[in-house]
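Provided herewith is a single structure, encoded as structure tokens, for subsequent inquiry.
Naming follows writing order (A, B, C and D), and every chain is counted from residue 1.
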Amino acid sequence: MGTKVNLISGRTIVQGQNLDNKLSEEYFNEVATCELNKADMERLGVAADGHVKVKTSFGEVVVKAKEKGGTPEGIIFIPMGPWANALVSGNTHGAGMPQYKGIDAEIEKTEEEMLHVKDLMKTYMK
Amino acid sequence: MVEITDVVCSLCGCVCDDIVVEVEDNKVTKVKKGACSVGKSKLMGHGRIESPAIRDNGTLKNCSYDDAIKKAAEILAAARRPLLYGWSSTVCEADKVGVELAEEIGAVIDNTASVCHGPSVLAIQDVGLPSCTLGQVKNRADLVIYWGANPAAAHANHMKRYSYISKGYWTEEGKKNKKLVVVDVRRTATAKMADVFLQIEQGKDYLVFSALRAMLLGYEDVVPEEVGGISKKDLLETVRMMKEAKFGMIFFGMGATHTRGRHNNVVNAIQTTRAAHTHTKFSIMPMRGHYNVAGINQVCTWETGFPFAVDLSRGYAWYNPGETSSTDLLVRRECDAALFIATDPGAHFPGESIRHLSKIPVIQIDPFPNPTTEFADVVIPCAISGVEAEGNVYRMDNIPIRLRKLVDTEYMADEEIMKGILEEVRAIKEKEGE
Amino acid sequence: MQTIRLKLKEEITSGDAKIPIEVDSLTPDKLFGKNEAEIKAVKVWWGNREENTGDLFDVSVEGEAGTVEEVKIVMEGNLSRVKHIGDGMKAGEIEAIGDVDMHCGAMMGGGRVTVKGNADCWAGREMHGGELVIEGDAGDNLCAMYRGEMTGMSGGKVTVGGDAGECVGQYMAGGEILIKGNTNILTGLNMKGGKITIEGDAIMPGADMTGGEITVKGKVLDMMPSFKFVETTTVEGEEYKKYLGDLAMTEKKAKGVLYVR
Amino acid sequence: MVEGELLIRNGVVYDPINGVNGEKKDISIRDGKVVEEVTNPKVIDAEGRVVMPGGVDIHSHIAGGKVNAGRLFRPEDGRKGRETKTKVCRAQSGYSVPNTFATGYRYAKMGYTFVMEAAMPPLAARHTHEEMVDIPILDNAAMPLIDNNWMTMEYVKSGDTDLLAAYIAWMIKATKGYGVKVVNPGGTEAWAWAKNCDINDAVPYFDVTPAEIVKGLAEATEKFEMPHSIHVHGNMLGHPGNFETTLATYDLVKGIKPYRNRPTMHATHTQFHSYGGTSWRDFESKAGAIADYVNKNEHLSIDLGSIILGDTTTMTADGPMEYSLYQITGRKWTNHDVELETGSGITPFLYSGKSPVNTIQWAIGQELALLVKDPWKLALTTDHPNAGPFIGYPIIISMLMSKRRRDESAEDMHKVIFDRAEYSSIDREYDLNEIAIITRGMAAKTLGLHEHGKGHLGVGADGDVAIYDISPEERDAGKIQKAFLNTKYTIKGGEVVVKDGEVVATPAGRTIFVTPECDDKLTEEMMVKLKDKFDHYYSVTFNNYPVQDAYLPNPYEIKAPWRS
């Protein structure tokens, strides 16, 4: 299906500002996003704020694409939070730490809607 | 209006303690000085969980503190493999009660280091940690290296208060006579400030550290022309800067611990520091995330002997991250009940863990509604430590600082809630014993 | 010969929570001389409570044993949450049918454990004697040390039929490990003695090694940049490049030998 | 303290502070204190058993940043001493670095009721106090490190002893500390640049010598009626040939008059400072030279720092020393330099009887005890956990009491013990009275705690009593060792806390702290300089620095007035 990329997650300033405010629009707008390099955006044919679907062997989510210089080609960055974590691996390789960075992923343009945090949580309750 | 000085920030591991706020009508109305934008946001406050609640037929129904605490105690007392997790965004006084409760019910007690700098702890247990307090860096460091860390986003005051930009005794001109090296996969905001930016290939940290070590020890001839996406020339230049520094400092972040190699990346970072120490003064420090994650590691260590992932099911401590750590316990579906305090697994744990949490009873203690609230069965709101409650915390360099109370509240403090649960659990056990 | 059959009851693992059972009290040395009723009364930990073996396992005993060596324990049922199988055993035999959980054969000093399936992390941890055979895959930290210790496996023999995870043989000081498949990163990390053979591929093998020998018959991915090429040599008729390392531990200490195709 | 009456009947009492040497005597306790007599007491029959005041440890590392860093980085030590929780006791872990609960229980089982935490980094003082609160049973206190502090060095350089006194007074108050601790004066500051200092070297950038620092601090301390003298870990600890530095350090304070009849310097873990030779190859014991000095002078007290064979965790504010040790072993190494004040290093170490160096170290600790004639000048310590864990004290006691045990042990050590140490030629054997002196009386007196109820059983003393399950005639070293490891009874503040070697109650201990009272004018002048340090160089603010009262739930204050 999609283009093969390497997924990393991490903190951002706005994500930090909304740590106590995770059910808000500000948090959603910041965290349900995916930063890509310009060339990768073009390759996917996705414009800024266009939706992309990211998929790993652990799950898939729809997030908003954001162009970000400084991100190398083939790397995508999703701020730490429920959307990134739907994709990361829980295999800690005997060290207790999930792999939040460096996960093989596939990405593609999509028309699908993004899930708000409450709806995202519901997907775990099936 | 009252002005309060020397306010201590309860957000990140920087624990800035020179903040000035204004309080009016029992509310923080202004952050005048000292806090970064993230800390400021925290101090100004957000929407709260309004009442204790218990889930009934899928929906949370408000109840009294007493009822919520009783219910929490019943769940925990009955559990065969309970997990008590969080403890990093609250004060040590609450953490101590947490350890006692874990002993009482034979639980696993784990903290957010587990998904943050737990690998750093494993590394320290392998090779130790040559480090110092942040003031040492401020006064002396002329070379600062951020490795897999982006303080511009995660610890916004770090460079200004303690490292690259700060001014101290031998560094009175600030960054003018210092060098900054940044190692990262992305060209981050921090990387843009660097004198040298080493853009490393994802997952290759371990190899690059080993190459640096070999070079620092004088075996550059065996190192190939490129390692982990960095040219030998750039590596040699970095090594030269390290050797020439009077006081070198490495700060490392999740870029090292969250990626392939995990704790062993940190072992290698520490080994690199030790190799550099054969030439000059060199130290290293993890960029601890939560304001008191260092503190729960301290409390847990002096009380149980071990810093996180402590399994007390047999009545003594068994420590084995990778087995007794939260992610493993949840992904492997070992737990039959969980208590989360001052943390949000719904947002920060891998999806696989949340899937299991939705199937077992979950207790949440937090000031704010968050993704975890969506599946918690008992929700207990609490006072905000550092705003509504005081107590001890440990900064990322393990310096203890006391959080101040700025305003009054009717919410119970974490310590009181935990004591309530412990008492109820003991009452249940006593009854069972009869 | 005596055969003790322990079959885990189905209801133990059928709930939402898969609470592990820890069976370090069920080794041949500890069960030797006990009759069926006595074995059923041996305590095992299931979560934070101790239970009778007979309440968790169907127990049957056939034959007599004059010595521990004549005791064979056969474990059956869903063993994927049964930890510490053969932990600390000194003699006798255990056969585990199916996938087993962590610490299988940990601290083992003698006897033989066979796993007819996969073994989770820390199999053979700090093992110092005996034989451990894992017919399927092994998890991470196979034959490694306990956190903070400077010695992992120091004796005995381990064979893995499939792949193995990260940090195989960390701080290994003696004994032999044979992996028939591939290993994940950092096999032989901090190794100071003993021998590891990998028939498949390995990633970053030999980091920080100061002694011992690693042979990789498949490919090496991400070769450590701090090893010194010594010579091309022939081992068992095959041509290998011989490296010494890890120089990152200083040349004086870099006495580890790594053979790469 | 517990209300009610207790009578310990017919024990053979060793209470050296009160001159009681093995007398059959009753001890009466009411409401936690020793009294003349009681009327309706609970009775403990101590017939034929040895009775002593609760033990007092003058120097041990039991709480605070580096102790916990030691625990944290040694899970392999943690798993050694695990014990299951009981109805009374919390879960225990650790051998050389036990958790706080185990620390309290194990000391109490040996009959100890007071322990001095020997090194508190001022900036992290809250940490030390948090842990001390979590150590059950024991009364405790801690000594802040005040020797590598920039303020100290600047005042020493300018010669302002009164201002230095004002500074140490402020520091002891701010940290809720007990007295002035000195660790590798100047050397730890130099270590912030990866350097070290000997006694007469100039400290980089500060232009003072360690000798001047020690002298200045001793003079400043004696400006107050401080219960304890400066407590010194000198320069060059652990280096071959360091005995000369040690003797020179002792000499520095010879002319200074103490406020009362006590030494002007307590020199700690003397074993590590009594080394001859020029390298590890010709390393030899200089216990004789050190003991000779101690015998001839009255201004000095020492403690042993005696080695316990086996694996341990070394930890000290002497950062460069730990680095040297780590370079020898190649094992894990933690360092933690503390801005403007001090530092610390931690590394595991194995003392082996097969090693010639360790053998001589082992001999030195015991030689010191045997060669210093007056037991009132020395205290039994292992500098826990540096020379070995405190639970090794009974081994040392049995060695000191039995020449035969020493001879047998020497046979198992490296043969250098016969040519590079005096060990095998010393015949002296300690008696129980002398043991009581070096394990309680001397420490209490040297710390000034005998005036606050510690270390003796006179009327008004704390009801802290150890009853050992041996008769005074016992000569079997094994039995002596066993008896001193687990008491028949330990009584703390009138409450039985240990019975038949098991902990049966865990009352909270008190934290004892000293308040030096300094002239306001001096304090004000000093404060200008101090506040400048906070404004520019410290990473915490002045107002967030002092230890708040909340950290001492059970405080006991000793006032130290300015000497007019």
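We take it that a contact is a pair of C-beta atoms (placed from the backbone, for glycine too) under 8 Å apart; a residue touches a chain by one contact, two chains touch by 3 or more.
Treat the numbers as computed from the prediction; the structure is a model and nothing was measured.
Between C-D and B-C, more contacting C-beta pairs join the chains of B-C. If each chain is reduced to the centroid of its CA atoms, subunit C and subunit D end up 45 Å from each other. For this pair, subunit A with subunit D, the centres built from the Cα atoms lie 56 Å apart. Computed from the mean C-alpha positions, the centre of subunit B lies at a distance of 33 Å from the centre of subunit C. The distance from the centre of subunit B to the centre of subunit D, with each centre set as the mean of the Cα atoms, comes to 34 Å. Contact of a single residue of subunit D with at least two other chains is seen at positions 73-75, 78-79. Among the residues of subunit A, those touching two or more other chains are numbered 93-95. Along subunit C, residues 121-122, 140-141, 146-148, 167 each make contact with two or more other chains. With chains as nodes and touching pairs as edges, the resulting graph is of another kind, matching none of line, ring, star or complete. Across the complex, subunit C meets subunit D through its residues 146-150, 253. Remark: subunit D residues 73-79, 330-331 touch subunit C in the complex.
By the touch criterion given at the top, residues 79-82, 105-107, 122, 125-126, 204, 206-207, 210-211, 213-214, 217, 219, 222-224, 227, 260-261, 264, 267-268, 271, 275, 312-314, 319-323, 332-336, 356, 359-360 of subunit B touch subunit C in their complex. Within the complex, the subunit C residues that touch subunit B are 15-20, 45-49, 81, 102, 121-122, 140-141, 146-148, 167, 185-186, 189, 204, 207-208, 222, 224-229, 246-248, 250-251. By the touch rule above, subunit C contacts subunit A in their complex via residues 121-122, 139-141, 165-167, 184.
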